[in-house]
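Lettered A, B, C and D in written order, each chain numbered from 1.
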Amino acid sequence: MPVAGIDVGSKLTKVVIMGENKKVLSYVVMRTGTDHKKTSEEAFEEALKKAGVAREDIKKIVATGFGKISAPFADEELTQIMAAGKGAYYVRPTTRTVIEVGAEESRAVKLDENGNVKDFALADKCAAGAGSFVDAMIRYLEVTPEEFGQLALQATRAIPMNAQCVVFAESEVVSLLHSNVPKAEISRAIHDAIADRVAAIARRLDIQDDVLLIGGLAYDIGFIDSMKRELGREVYVPEEYPPEVIPAIGAALSAL
Amino acid sequence: MGKNVDDLAQLKQFKEWFDNRHEYAKKWKKKTGGKVVGYYCTYVPEEILYAAGVLPVRILGSHEPESITRPYLHDMYCPFCHDTLAQGLEGRYDYLDGVTLAQSCLHMRQSYFSFVDRVPNIEWDYYLPFPHGVTNPYAADFAKHEFENFKAAVEDWLGVTITDRDLDRAIEVYNKNRELMTKVFEMRKADNPPITGLHAMYMVVSSQVVDKAEHNEVLEGFVEELQDVENDREIGTRLMLIGSEDYDKELFELIEYGMNYPATFVFEENCTGARYFWGLVENGDDRLMALAKRYVYRVPCPAKDWARGDFFGRRRFQFIEEVIKDYNVDAVIIAQMKFCDPHELDIPALREMLDNMGVTHLHLELDLTQPVGQFRTRVEAMIEAMGEEDLFI
Amino acid sequence: MVTVQESEYWRWPESIWVDESKNWQDAEVISCGIDLGSVSTQAVVMLDGELYAYANMRTGTSSAASAEKAVNAMLEKIGDMKRDDIHYIVGTGYGRVSIPFAQKTITEIACHGRGAVYVYGDKVRTVLDMGGQDLKAIKVDSRGKVINFLMNDKCAAGTGRGIEVVCDLLSIPITEAGQLSLQVDEEPEPVSTTCVVFAKSEILGLIRKGWGKERILAAFFNAVASRVVELLERVGVEPEFAITGGISKNIGVVKRIEDKLGLKALEPKYDPQLAGAIGAALFGRALYIKSKK
Amino acid sequence: MEVKVRPFDCWDDFKNYRIEYYKNYLEAKDKGGIRWAGSAWSFDPVPAGLGEDVYPLTGEPYGATAAFFREFSVRALETIERKGAARDLCGYMRNYWGSVAMDKYLLADGTEIEPFPKPDFNFTIHICCTHAKWYHYAAELEGGVPTYAVDISVGPGYQLDDKKIEYVVRQLEDAVTWMEKVTGREYDDELLIKAVENEAKSMTLWSKICKLNQAVPAPMEEKSMFSFYVMTLLRRSDEKVVKLYEKLYDEVESRVKRGIGALTHEQFRFVTDNPPPWPFLKVYRYLEQTYGAVSVGSIYTFGLGASWIGMDEKGENWIWEPAPTPEEAGYEIHDRRSALWWTAMFNLKYRASWQHEYSHWIRKQETLQMVKDWKADAIIMHLNRGCELWNMSTLEVRDYLVKNNVPVATYEGNMADPREFDEARTFNVIDSFMQSLGIEKLA
């Protein structure tokens, strides 16, 4: 019988339906909004529909992210660390370091060759909010998320910017904008700052290859580029599934 | 027509040393075959190292964002500590043979121990318990005792004996450096000071990273040349800087060269400024005691400055008060390193003192990089509040 | 790529106004002030020191273009005035250095102080201005000259932006948030607003706990108010105090500040968000007269 | 396996002492006594020589108590911030200053008293960036209370020599003269001698009690230990405190013998490092009730209140064995100087929390050895924004322990600023940690 993994995050809600054979039958991503219970219910229903599975046929539902409090119909909870680890190992078994950058939280998880979590690190509170900082900056620069990532690749120089606090960084962005610095360079500076901050967390674990980047920011080619440069090694992103559904896949796997 | 200070070869030399301090040290090593010791805090009695033929080099940061210190230092330690450790981890101090810290604040200690542990090829390290209570009558005795231990450790490491003559020579070189820099600072009392804060920063910080004897040669010429300097810059508001490790040229460039209104620093009361060199060693038969007294009684870092028994004031404040009068200071910029507790602990009282003196002041919190726009607004607003009466019609 | 519909709850409406009862051609000195902030741009025209027209727009990515846009919108509304008709233009605010057509720039602190006296009358002694990035408490004399000012420390930066962030998070239009926050039976404990980042993470926790939006807003605004009062008390608050900037329109914050201080903020005669631009225009007038002497 | 549990017989004795302590300080002047304030690390026996009616108020426990009463704490913190104190300064200190600035004094049960009872003098030490400056500013807030701080930053105990001790002793001698002058009282050396002996007894007894917690199941959990250890910080030179610890030692020893534990299900043992987030002690309750996880030892409560042999002479290994009392060491205290010498030496050498400030290495050895000796499965570290000193080395220790195969979890918080604690995040860390170690929730 199939199972479900559900991940309610601060920005997005993700649901994965998985068959007994560990095959992903469907996934759904929705904006979380403020009524978490309603959103998680809706996302779940839609995922079922997409997978063509009846609700009563679901053997078990595991929730991660905000967990059961936001998805009360779940049977069990799994922490985001475990979900990220399991999901990452599923999509890329050679992964030893998972770096997840979400809207509010960033985390790094170290895996062994069997996919067990060996150690993990969360961003210090001061360094939180990487994803939502990017959202704010996209709005600020009046570009689309795709353009924002592309822009960074066109920059001709790196501008140093506060890498630890998004609030300070934002002041610096404001200064840069008002000094007529080109958007490409500002975009690069923002991406570098975020990459610096995320790498700083990952470095608490002794980083080993492969490094897999998941979470919403793993879409952003400017960010991936900055991360590669920052870590001085190859950084992979999930190929088959969107990077933000990986923890939901992890949750589904733990339901099997 | 006088000369412009920016054209002086000596100033260019200071700047060149400041910008290329690592290259200088490497070349020095090659040339002399001597050892280089990095030091973390200005309470290290450099003379003892210098007497042993060692080049003491102050460990400083680069004001570039970094992401490699967070595994070892929590966010709440000051940006200077992160920055300095980052330099070590990035290999920029790979020429150091030894590293030392005279007991100072916890932030530095935190960073220093990680530096010792994690920067490869450091042969020698020494944590020097320097008294915290510099307002205490027994501090000099204790400091002398610790300097004896320090000297013995240096001798032991290098297999040399530091003689009284060695010490005398070192003290002489260091005192000369102090005297000359004090002279330069005193010229800034003038209505049209020959140098800006940026220039002073280049001068003082370069003295912390090069052989003092060499620095002295250039300094002598500098003092000479400054007599004829006549800058065409508008001095504007006479500012004093009170702070800690303020060696970010962006800050000086913004305030002295980048604002809507002219302003010039006439004094820096910080450890990359006057606090470093103010006060000579009064040498005598007991060299280590003479050194101990100089370091104990110099203008203290806020970490060491507190009430004790009958002494209820702050020694540093007495100095600040004198400077404000002597240098005709219009306004004070308190530039505090973010999370620096010793400074933060003094700030309410410092503000009160400045208010009582009728001196305008502004508090800026420094980080690794600076929000230039925000700072400009604050400093300009402070200057606006001081004048422009005729715009209120 | 998954696309998610974004609503812009943080956006507030732009506005343009002109005093139809006045004829600008009668004025001796026409001055213009432009307050180019990180979030919004205001342009005003004053005729001999009296407010005549304004535009209040969002700031875009180019400072010069934003200033241009606001001035043009205002001139268009006036109809027959051209930029050349203005005797003196003063720029203020974050982006002041990048307004190419301003003759002079003056900081928003001086301008807010000066403008506050125009907006609130000459009794005002303490002015609070909360912008997107910075919080300022300004003490002024009866002419609006700044005697002293204090700004937030770094860890309280972005408190104004925080309001946008929180509205966005709760999907509440920013214009309604203040009123909504007053609809609580009991004032909740404040969140810790040292910082937008911390507050946001705390608010997410409150959402998870199932707190209602009113209650969350109340907790957040309560904290913002504490922070503001802290700054005000450090600069020394006097009974005649006023709130300028966008925050003055947020009754949820204003009322809490008043409660904490035990004082009532002065009633503005004009839109307080214009204070900076008004101050700039008044300086512009003085500068023009000074230049003619 | 289910373990027998029972409350502590001497619980109320400890609780009552603490209640009395704050009351005694408050009421000291009514009885013609003397009040002094200072860090809990001050040389507590020294003012004791001024008489039997001398009552201290130590700042850190007071700050912790204030923090525990969150509403009071936030008021105090906001009050002092309005005076310009930075938010990242020591959490205890800001609560203390806030109390003084509000002119409100908090009793152990949360009762607020007005005005704040000013001390006759402040007497403190200086080792971190803060202590002496804390009381300097406090004295200014109090309108100029005489203040004396002793500099004790002479380096780690295993490198102690006579001249270092001498530096501290000379300051203490001066302090005695100064106290006589400030209070107008004649100093009684006999009282000092007694107090110095009591100090050593209290601290050594507490270290012996700590050692008993190496037993499986552990007889004490963290919250009880908090209530017990604090006596060493309130007034360790008081004979009553010695008596309390004697009683507690007997009780804990008998619990160990009878197999009485702190938890019915002890399935996980961990150690902690920093002062806890005092307003959120439920972190410990959560660990106990959800996972049967018990904190068996803490660098904070053990390192601060007890006396230990500590680092060996070579500075290589840490030894968690109780330090000797003067009696055990064969040291005779017969006059002022010998008494001051002992208290200086004893604290400088054996107070664990004064050792690990002088290198990451000491803290690493200290922590790893605690994990081993107390048979812990892991360490849960508080990245404490409220104290630079206690938070120093934490991340280096984390790294070292992970490399030595000790699982480590870290959470951020602040020992005494309720505004800097994120409950959801912290519980999330705990759950993640437990799940990654395969520790199941209790049924």
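Going forward, contacts are C-beta pairs under 8 Å (C-beta built on N, C-alpha and C of every residue); 3 or more make two chains touch, one makes a residue touch a chain.
Computed from a prediction, not measured in an experiment: that's the story for all the values here.
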Max Cα-centre separation from chain B goes to chain A
Between A-C and A-D, more C-beta pairs in contact link A-C
Distance between the CA centroids of chain A and chain C (whole Å) is 36
So, in whole Å, the Cα centroid of chain A is separated from that of chain D by 42
Whole-Å distance, C-alpha centre of chain A to that of chain B, is 44
Whole-angstrom distance, CA centroid of chain C to CA centroid of chain D, is 48
Multi-chain contacts in chain A, i.e. residues touching at least two other chains, fall at 124-126, 168, 171, 174-175, 178-179, 204
Contacts with two or more other chains occur in chain D at residues 83-84, 86, 88, 383, 395, 399, 422, 425
Shared-interface residues of chain B (touching two or more other chains) are 70-71, 74, 76, 367, 373-374
Among line, ring, star, complete and other, the chain touch graph is complete
Note: in the complex, chain D contacts chain B through residues 83-86, 88-90, 126-130, 132-137, 139-140, 144, 146-151, 153-155, 163-164, 167, 170-171, 174, 178, 357-361, 383, 385, 388-389, 391-396, 399
Within their complex, chain D touches chain A through residues 383, 395, 398-399, 402, 407-408, 410, 412, 422, 425, 428-429, 431-432, 435-436
The chain A residues in contact with chain B across the complex are 124-127, 160-164, 168, 171-172, 174-175, 178-179, 192-193, 195-197, 199-201, 203-204, 230
Within their complex, chain C touches chain D through residues 153, 155, 190, 192, 194, 198, 201-202, 204-205, 208, 226, 229-230, 233-234
Residue set of chain B touching chain A in the complex reads 63-71, 74-76, 367-369, 371-374
